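As structure tokens, here come the structures.
The same subunit A turns up in both complexes below, where it pairs with subunit B and then with subunit C.
Entry: the complex of A and B
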């Protein structure tokens, strides 16, 4: 522990202490450190003077610029709303026909509808509205309740089997489980239903079609209609087309009839504004455009 | 190891373990039907198991006075092993959660414990508290004794701290898997675990004070200032942020004493200072010892050490509010958080610069010695991430970066690049000293580990920078209709490739940790064969001289 010890590499003096072999040099603090300390401190002080900064009793220094983040954001939201109102007001006031005839408005509908749809609906219906097992394809043009914009807006507003008082209600009965039809009868009517959309049937199923047709006439027409083309009053799907909510394979169709089905679509009134619902109804209407 | 405790220390250990067993029993009985009971059983089993160990050596002869002529390093050795075990576990969970974000179906088992929300804190606590905390405890005991030239004051309390701390970590991690959490980030463990940690921490602090009081050096070395700041401030933070009222003494659940924006502010005052005093101060302590030791160079500037120490300690305390920019937190608090964060850059860079300048005259060693290179890269990443941190604390920048992966990238630049690298470097230096070997089992594997760790960190950080900035921009882009141009799902789709890259980077880092553990394990095995005692590595002040 010599008092004046020099480091051979730098030629600097050490502080004279040593801890288990570690020494420290008496290097003065580099100027640049003080420089940056001064610059950052100056920045801080200027910022304090201009912006809300220090607490003083029950209040605080408001800063010379008089900026308040809450006011700023409120103003920004208002400004944005005013800008948007240029077209949203027209969407709110105009009828569906009128909007659909207006190409610029429809462009806004597509732009805005896409984000609204993906943020709120895609979890169930998919980002392009093409659905999945249990969730209908909204781009297929095969509607349960109807595909005109007024009806779509109503469906979105009240939902299907939702918790809204006004909800649309629909149910596919559990014919097999509730004992209305026996297993063999369910198999027959399933074969008949699948024959309606020309699905490939096995030998045994082909022999069941006739019996199934009779069972269908006796049990199913009330909801699905004489021609099995569905009913928008009951929210019952068209069974003759290529669109299936739950699936078209023999097992799934059997399950639909044997155990019944009841899809749940949430209601959006109160969660989305009337204009947003209108936008979504129009947007959902455009989903099939690419497909068609 | 138990026979190295004195007989009275063994009695004390039995007494403490008995009390702990009773506490475990009370928790198990009082918490029937609550997850608390599971923890009671864990505590009970741990204390009975340890009690059995102590009993088995209870009547071994009193250890000789010769022990006092050596530093007491058994707890440090155990801490090193525990630290690496936690590193592998914690990083494995990290890679798993990273993979979950890229491929959400990778839960393997379809049960609640494997869900993202539960295994994520296992990762964060595993690496920060398990890996980092054990490394800090282990190295602090080592550094403390060497820089004071005094033996630890007794042999029981270091074990109490080390084992007690790991018991806390186990309770924390197992609690998360059962769904127990206070929902405060990095302060998830419930009230009883928190109380236990306070007890452990007080003993830890006392060890420090008592050893310092016995020191044979006129001055207290810088590393010890940092370790002390770490211990002291973490205690304060931990106690304040965890003030809570349990539903009942038979329930694990508790409710915080704070609510609303006060709660948020307390939490981030805690959270940011955990970064400051756990992940920065503690590891700076490590750096200030192992880096000059390994480089065999004096510290570049004593004065710089002083101003950066006080700069960091003073400035960090204010910075927490930058985690709450543009929230319900009053703007003036945000201003203070932001401005102090900016000034904080100066002492941070002064520390990093002090470390790098210490390497002057030893750069050839940095080139040849992967151990020293670990420490050098750590100092560089410390500088990078503190710059990034101050930058992100600026409100305008934060409005882009907040809530995005940029934050995650920033944290990992610090956690992987700084904390883990300095730890690995220090452990590679320390392990041969502890097990009395000339060098690690395989210097080549250290080299391999270095490149794995560096590549992993770089891949990770770049992936998250890209991902975060893209995310931030997508969330704020409007189209001509005045609508957000992208939906949230759009931004997720854009993230996917980066999430895969991040999981890959993490995997590289984990592989490095496994290589390190293997290397350490083999070094320990080497030690069984031959010991090469280091010269002069003995205390001037043994325990007996203290009259304790």
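Entry: the complex of A and C
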């Protein structure tokens, strides 16, 4: 036992050491610290007993409550699905016409469809479905493959130029780069195409329209049609309307014809359930309502 | 004054050192011991593919650019995450991740199941300027990825380093790493057939950045992002198994 020294000012015990005339009080750790240490230790022991805790070789102690977070989450997902089943079953079984005629179901489509759209589609098509350069506007009513809900659901399911075996396939050929048309010919057909939707043309472009019309008839009608209204069988856009995926300025239209285009929409089968795809097809159909 | 146990042990230098070693080793034991049986605790994923050299290079860029600071790659066992992102993450899915990139913070969304969700063109546009496609985004621009040529001459060494920590790359994979990176980013190249031969038919062989003549950092990063969650179907099988 060390010699007990007391600090003359406070009267409390010191550690007995002296550093350059300074002595240190020996203050005990407050009891409350020991109290909480004991409580937390007790909590830990109870937790070890009740919950999965200790690794034991290739397994682990499973705890008396038998809680498995993977089971818990799967049960929560199932419970939620059961709650929704009241109307998702009807969406799954009913035809599109029938659903669209049912105001209650359509309210569910709008609410749930919006969440699905934001989580999955909005990155490319925008939160309001208005798209952007290279990503189609879904609110414009200009559909490449058809805008009825059955077709939309099929497009969502298999995608366009996707990695699915059933994918829709479409390609705008690179007429200029692949040497089918010369630069001047591409300029002419671009001028003609832009004239179809009454876009303002420069003096030079106005002179090219006639030549462009002939080139169009020889090269483009197979997909875009003689009236240039496109084809939903080939996924070829209508060139007479005001909707442009890549842009309607002369340079962009030139690039589209010269270098070709091949958009890519991923397929959602496997990632989304059939009912989710149906909901999205119906929701996408409602996107244009505000605009129209 | 009472002689506390601690006071006694503090004054015995050797005893105190031994006590410290003893206590610290308990912590070490708890962390290290389970690793001895990790091969038996990680779920089986026989269909698991390896990162190709290009994807591995993209992974290195993901680390270099600090993507993990804002994006996690770990879908937790919570209902909202499972409903939004897909099946919860399994240990097997990151068994070839050295280091793992689970992350601990989400300023942006989780990326564990990002692969094949969006088009390459979207990824390129988004990385050059996120605001072009997602107006409300706060993500920085990464435009230089499109301009920087990817360094591919040393990819074999990267593969060898991964093999040293347990990723089963073969000698042929290490030998052809540079050619495979070129081949994966250009399906027209003669080197592209070797990629699917070595890494599986499901491997994405595409011009990721839209420029077939040059392998850029954009090619690598997009190739990596497009394979996230696509290396094995184990998570989908596990979820389907539990639903039955």
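Points worth noting:
Definition applied: the second predicted complex is superposed on the first by the 216 of 292 C-alpha atoms of A that agree within 3 Å, B and C clash if a C-alpha of one lies under 4 Å from a C-alpha of the other, contacts with A are read in each partner's own complex, and residues count from 1 in each chain.
The rule we apply is simple: contacts are C-beta pairs under 8 Å (C-beta built on N, C-alpha and C of every residue); 3 or more make two chains touch, one makes a residue touch a chain.
In this text the structure is predicted, and so the values were computed from the model without any measurement.
Once chain A of one complex is fitted onto chain A of the other, the partner contacts of A:261 are absent, as it touches neither subunit B nor subunit C. Once the two complexes are laid over each other on the shared chain, residue contacts for A:78 go to subunit C alone; subunit B is not touched. With both structures placed on the common chain, the touch criterion links A:229 to neither subunit B nor subunit C. By the document's definition of touching, neither partner reaches A:90: not subunit B, not subunit C. Contacts of A:128 after superposition on the shared chain: neither subunit B nor subunit C is touched. One of subunit B and subunit C touches more residues of subunit A, and that partner is B.
When the two structures are aligned on the shared chain, A:119 is found in touch with subunit B and with subunit C. Judged by the touch definition given at the top, the superposed model places A:69 against both subunit B and subunit C. Common to the subunit B and subunit C interfaces on subunit A are residues 55, 69-70, 73, 80, 119, 122, 127.
Residues of subunit C touching subunit A in their complex: 1, 3, 33-34, 37, 40-41, 77-79, 82-84, 86, 88, 113, 116-122, 125-126, 132-136, 204, 236, 238-239, 242-243. Note for the complex: subunit A touches subunit B at residues 7, 9-10, 14-15, 17, 19-30, 33, 36-37, 40-41, 43-44, 47-48, 51-55, 60-61, 67-70, 73, 80, 83-84, 87, 107-108, 111-112, 114-116, 118-119, 122, 127. Residues 1, 4, 13, 55, 57-58, 69-74, 76-78, 80, 119-120, 122-124, 126-127, 132-135, 163, 263-266, 270-271 of subunit A are the ones that touch subunit C when the two sit in their complex. Subunit B makes touch with subunit A in their complex at residues 146-147, 149, 217-219, 221-222, 289, 292-293, 296-305, 307, 326, 330-332, 334-336, 338-340, 342-343, 345-346, 349-350, 353, 357, 360-361, 479-490.
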